[in-house]
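We just call them A, B, C and D in the order they show up, numbering each chain from 1.
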Amino acid sequence: MSTDWPAIGSKDWVVADGYIPPESTGPAPDMTSHDSVCMLNAGAQDAVVELWVYFTNREPSGPYILKIPARRAHHQRINDLSDPAVVPHGVDYSLVLRSDVPIVVQHTRLDSRQAANALMSTIAYPA
Amino acid sequence: MSTDWPAIGSKDWVVADGYIPPESTGPAPDMTSHDSVCMLNAGAQDAVVELWVYFTNREPSGPYILKIPARRAHHQRINDLSDPAVVPHGVDYSLVLRSDVPIVVQHTRLDSRQAANALMSTIAYPA
Amino acid sequence: MSTDWPAIGSKDWVVADGYIPPESTGPAPDMTSHDSVCMLNAGAQDAVVELWVYFTNREPSGPYILKIPARRAHHQRINDLSDPAVVPHGVDYSLVLRSDVPIVVQHTRLDSRQAANALMSTIAYPA
Amino acid sequence: MSTDWPAIGSKDWVVADGYIPPESTGPAPDMTSHDSVCMLNAGAQDAVVELWVYFTNREPSGPYILKIPARRAHHQRINDLSDPAVVPHGVDYSLVLRSDVPIVVQHTRLDSRQAANALMSTIAYPA
């Protein structure tokens, strides 16, 4: 493995439980409540990822375009997305990610609404 | 992807660790202890999902009928189910979900029995 | 599904991160730190599950025999296993479960060593 | 199973969300914030695992060599890796693990930056 960098993973991924907790306790930005998609592009080609946000009561929003260079990790807070629109806080959503090369996606939330932060994480669903 | 909406996921899903913590700390309903199934119907057809609850000491209860429109997320607190019966709090259970179209299911619990909330989440098991 | 009960899942499962936190805060047994395997036998036949505990420095211990009736959930705290031996607290371990019929296994830990409990959960690895 | 020890799992694994929280609350080493890969080598042959760390802004670092004897669990804190280099705290990363025999990998983080610890865990992605 030290001399080649094979692509690893799937091109299509789903996060079903999206939610940005609307309050936070503790110093920003580290302890700010957030929802993240943590992505690895292990391969030798740069990745372009289209992310779509699905809601309960309206049409999906997107595509958000994320670029991950070859052999790089990219941890993206959903809080920080703004084009084509900010993702509202305190609202249920789901995510679909489509990459042009295989990647791996893990979903993590930090919730600091109460005095100590809570964490949750899962490998996303490879479609 | 911007012009078509393919269905994504599996029709059958299992959550093995079901439990609604019987106490809560903090403002309701946000910080109320709960167990949720977070579902995405990414496709172009509406989904009808049958949910069954399995217990330790008695026959399964169901079906609970959940409808998820095309291209919509639906996060369902188990606490809020009432037909055919409320799911008891403080009792171990498991869930089987069967959809008529592919969906993706993630299981999340918020436990606020103690002073700060705890979270756990996992993509459910696609059967 | 209301008239038949198909078996769902895999016969072989692995939990790699086993650990029983050695201290607890809050009322027992609910808030006692514990590691659990939460199992669903969705099918029409009773299941017999052999569980083996693997350690860092010594040979595996087992089999622990767990019986799950047809159409039943069974959430087993590792803390409560005693035959052939209690699983030590504060020690790293992994688990292999082998069932004679398909089941689904989810691994959950409650850690109440500090003032508020922490939770983690994941669907186990279906071998 | 009591008389043979089949290998279980995959040779290639990915953890996308790597992060060592840079502060801790509570007694070391138990409550020190850490990121871990918990591995099981269930089989009859010793395993040699190459671990690579991928970053956001620079080339991957590795290989870190981890040896897991036959029929043994090995829980490795990323904090404790030092050859070829310590993994920096407070920095986003991803992990690729390649074993010469099948293993199972689970990723767990303990975050004690605030007053009570938070936990998250997921079975890693089998490539």
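Heads up, the rule we're going with is that a contact is a pair of C-beta atoms (placed from the backbone, for glycine too) under 8 Å apart; a residue touches a chain by one contact, two chains touch by 3 or more.
Everything numeric in this text was worked out from a predicted model, so none of it was measured.
Across B-C and B-D, it is B-C that has more C-beta pairs touching. Repeated interface, listed pairs A-D or B-D, reference A-B: A-D, with more than half of the contact pairs matching by residue number.
Note on chain placement: the centre of chain B and the centre of chain D lie 30 Å apart, centres being C-alpha means.
One inter-chain figure worth recording: chain B and chain C are separated by 21 Å, centre to centre, where each centre is the mean of the chain's CA atoms. Shared interface positions of chain A, defined as residues touching 2 or more other chains, are 115-123. Against chain C, in their complex, chain D makes its touches with residues 1-2, 8-9, 25-26, 30-31, 36, 38-40, 42, 71-75, 104-106, 108, 110, 112, 115-123, 126.
By the touch criterion stated above, chain D contacts chain A in their complex at residues 12, 14-19, 50, 52, 54-57, 59-60, 62-63, 92-94, 96, 98, 107, 109, 111, 113-125, 127. By the touch criterion stated above, chain B contacts chain D in their complex at residues 115-116, 118-120, 122.
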